[in-house]
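As written, the chain order gives the labels A, B, C and D, with residue 1 at the start of each chain.
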Amino acid sequence: MTPTLEERLAVSLARLILDPAAPPARHIAVGAASPIPAAACWLVKLSGHPVRLSLLHREEANPFSEGTCELFDLTAQGRIDLFFLGGGQIDGAANINLLGTGEWPAAGAPFRGVRFPGSFGSAFMYMMTPRTILFREEHSPRVLVPRVDWISAAGVSPPEVFRRGTAQALLTARCVFRFDPARARFALDSVHPGESLASVRAATGFDFDAPGTVPETPAPTGDELALLRGPVAAEMRATYPGFCARVWGRA
Amino acid sequence: MTPTLEERLAVSLARLILDPAAPPARHIAVGAASPIPAAACWLVKLSGHPVRLSLLHREEANPFSEGTCELFDLTAQGRIDLFFLGGGQIDGAANINLLGTGEWPAAGAPFRGVRFPGSFGSAFMYMMTPRTILFREEHSPRVLVPRVDWISAAGVSPPEVFRRGTAQALLTARCVFRFDPARARFALDSVHPGESLASVRAATGFDFDAPGTVPETPAPTGDELALLRGPVAAEMRATYPGFCARVWGRA
Amino acid sequence: MFISLDDLAARVPDGALVALPPDNSLTPSALARALVRRGVRGLRLVGVPVSGYATDLLIGAGCVAELDTSAVTLGEAGGAPRFLAALAAGEIVLRDATCPAMHARLQAAEKGVPFIPMRGVLGSDLLAHRPDWMVIDNPFSATRDPILLLPALAPDVGIFHAAMADDEGNVWVGRRRELATLAHASRRVLVTAERRVAGNLLADEKLAPGVISGTYVEAVALAPRGAWPIGLLDDYPTDAEHLLAYARAARTREGFAAYLAEHVAPAIAAAAE
Amino acid sequence: MFISLDDLAARVPDGALVALPPDNSLTPSALARALVRRGVRGLRLVGVPVSGYATDLLIGAGCVAELDTSAVTLGEAGGAPRFLAALAAGEIVLRDATCPAMHARLQAAEKGVPFIPMRGVLGSDLLAHRPDWMVIDNPFSATRDPILLLPALAPDVGIFHAAMADDEGNVWVGRRRELATLAHASRRVLVTAERRVAGNLLADEKLAPGVISGTYVEAVALAPRGAWPIGLLDDYPTDAEHLLAYARAARTREGFAAYLAEHVAPAIAAAAE
């Protein structure tokens, strides 16, 4: 019953979702191709917490009836409490970069850096959602940089700019960071088994705060693992067949 | 085979629709409760002219799939070439009033004048449609006034104001007026049988131009009447049962 | 999710900004009658985009303080008598609008923006009496181009009658997409439904495009023939005779009271005798 | 109304501003292949709101000059290889956007307004590279409230694949209402359809809410499996293996040419040998 990395991450996300210090997450949206956040949401819901899930790419009984703009409208209306975002780069002020690296090329000039897919809805969702959990498995100086090359969506805004929230936390394969928007700075919250403050510092391009003693991220409980491997896997199989097969050996 | 007033008016509207001097009417919209304009449109279409009709209150195979805002969006997109409007009052500058008469009351003060139903979409449609045919059966100094008490929609606009068109003509039970937007003034085009320039002047509250000799509005042809009483009545029966029963004796 | 019609009416607070569709279908007539029975007061009604029977009924019963709409009419049955009477008596505050402006203001709320531009309207006296509307110069235009800006409108409560509802609160309104906009724009949505269906309406790809998701719906009450005397899509036609009878009766305060006694609150009327 | 796929492709002029949906269904893949065969040049593509296989194919075949989109991706199959190669070679001009901005700009064109406001985005580097976007101070706010204004976007041609089409040009897209917005916003709409159905889709109240009226549609070409390798609603799933094979092949110019020869223009390729 050893948890896999995916299961550990899903359980960590579920705990961040249920964080009693954060505003309640009554309605969570999950974007495309996000199996671990989706698993975390199903874990929360199937644990008996009253939460509405809007899974963008669920095929059966998809909750949307207004086309792909409905997620953005829902968020604009203040109905989505929590969303997940990642980034090709993420910096110490919680800026995320889904665009690319290097100099921004002049229109039509050859592109010299690494090009990421593009910003998707991040420039909107990050500012209009009360809580965002940043999630990126790869925890390296390449991803977690001092300053993103290009900002797809800003971590903090001047006071006159309308925004409902920002990053609550950043989860990686090594640790959990909390974000303090007032200081625009991350603080290490816990490290996953096998990691330490020193190993996390070495793998992180940005500076961050850390407590004197860094706790270890709690392991999944037996109940959590049972839920993940049973009912959660069953809910997810249709939408994420590849992920489910890989993690839970289901076709 | 004597034409009824309704048939004469429908045929007059059809001729205004087909006016070769006006921009083409490829797509005509007809609002609610407008049986005579609807009959005119069906007459045009069933005479073999290629025209698309969007009848707001057609129940069977209603052309709209986007709700009641689709007519306004279609018009905003420039897809509607011709629309019909009426008015509780219409003045010599083609301003229309669907609001009411008297002083505009202060909010919550008792209303002293005659209250009309309200502006509906007129304040938008009149400016966004290339051609509007004004149609009001009652032709009296009460309706055709020197200056409307309140403007629901203006007949002309200053040059900097975006508008695609205005009134092409005004048809009443007595005559056809043409509208000249450059001069913001009506000119008598033809009088219906039994009317004269003098009788029209006496019944009209606003001043208008008139030619030396005023032609009589041409009577419906036998072909037009046959079309109206046969195929047009058949198309209209479901949407306007009362009108069809009254004019064509069909249930 | 499903509650009684009277419990649904009880959820509309006095003074609420309440938006509803007119007499073209999906009209929440049964809920309007239940609101009259509950004795709601001070409603600020919004016509989406115009107003009809249900609004006239609520005005006549003294439930309405304000009305923001593009027209008030009983259609073939003529003017709305209690609306006209209340206006003449200075009992309601009326804010005149124009149909696409009502849609645009709700769409602005749906999109979470504070305002939305709209063409037309310039030169109309509507503008002079809407201090909440504004004209600016189009900032994208090199030349002068005045354009109307409308403030977003987020009703406290959106109400309408749906053809179907399921246990998730998903409701089917067919091609009446302006009711989806109304639902999205409103803070709370209370729906009456002609019938309750098993399963999930959103699971049927053919039905889903006409569904408003339960995400937006707070509660549903089953109300068979809940649009009557207005028609409901292809379920039943408008009861034109009843509307004419209403229009006749409502010409006087006494006639309206008799109508209420017979069609809206027979029990209350009987108890008062 | 119904013409051949190649005739449909012939109606897309060189240099046109062409908007299309991404790889989430109703993707006009067959039309994209026909456009490659027709040798269209200089297209300015718009992703609604992002771009995928069909866009990568058109870029690889040298049909594209510009791209306005919120992301380009083959999803599970990874990055879009010909897009990345064209970008590195400076062969296309890319304008980066964000999904709700693409929707909002089309909605502005749908509503006939020159601009539309949108929340968010402030502080993003997107803004610095979009001279066509503008930030103003919300004129309805008493305090400082900067807000983004986006210009309307009216594509020359909107293209997508519909599940059904009738002889009136009405096409059924189900709950994909953003394609209705695309159709309304576009000056011309060319549609491929999975199947042709008898009768009038708008006459069926159950189907009508998922229909885009023929009013907006210039022509339709029947194209069975016209979304492939992308899936179509509940008709057929995405051919993930094919997309992976495409992604692998398209990594090189030669591999892409071989893909074209096999899957897009076997006749042309054969003739060239």
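FYI, a contact is a pair of C-beta atoms (placed from the backbone, for glycine too) under 8 Å apart; a residue touches a chain by one contact, two chains touch by 3 or more.
Treat the numbers as computed from the prediction; the structure is a model and nothing was measured.
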| item | value |
| --- | --- |
| Fewest touching-chain hops separating chain A from chain B | 2 |
| Most distant chain from chain C, judged by the mean position of its C-alpha atoms | A |
| Geometric centre distance via CA averages, chain D-chain C, whole Å | 37 |
| Centre-to-centre distance between chain D and chain A (centres being mean Cα positions), rounded to whole Å | 28 |
| Chain B and chain D: spacing of chain centres that average the CA atoms, whole Å | 41 |
| In chain D, residues with contacts to at least two other chains | 111-113, 118-119, 145, 147, 175, 177, 180, 208-210, 234 |
| Per-residue overlap in chain A, given as positions that touch at least 2 other chains | 62, 64-66, 76, 128 |
| Which pairs of chains touch, using the document's own definition | A-C, A-D, B-C, B-D, C-D |
| Touch list for chain C against partner chain B, complex | 24, 49-50, 69-73, 75-76, 79-80, 84, 87-90, 92-101, 103, 118-126, 128-129, 143-147, 175-181, 234 |
| Complex contacts: residues of chain D adjacent to chain B | 109-113, 180, 184-185, 200, 202-203, 208-213, 215-216 |
| In the complex, chain A residues that touch chain C | 27, 52, 54, 60-66, 73-79, 128 |
| List of chain B residues in touch with chain C within their complex | 32-33, 57, 59, 62, 64-69, 72, 76, 98-99, 104-105, 107-112, 115, 117-128, 150-154, 157, 160-163, 242 |
| Parts of chain C lying in touch with chain D, wherever the complex brings them together | 104, 107, 111-119, 134, 136, 138-141, 145, 147, 149, 151, 174-175, 177, 205-210, 233-234 |
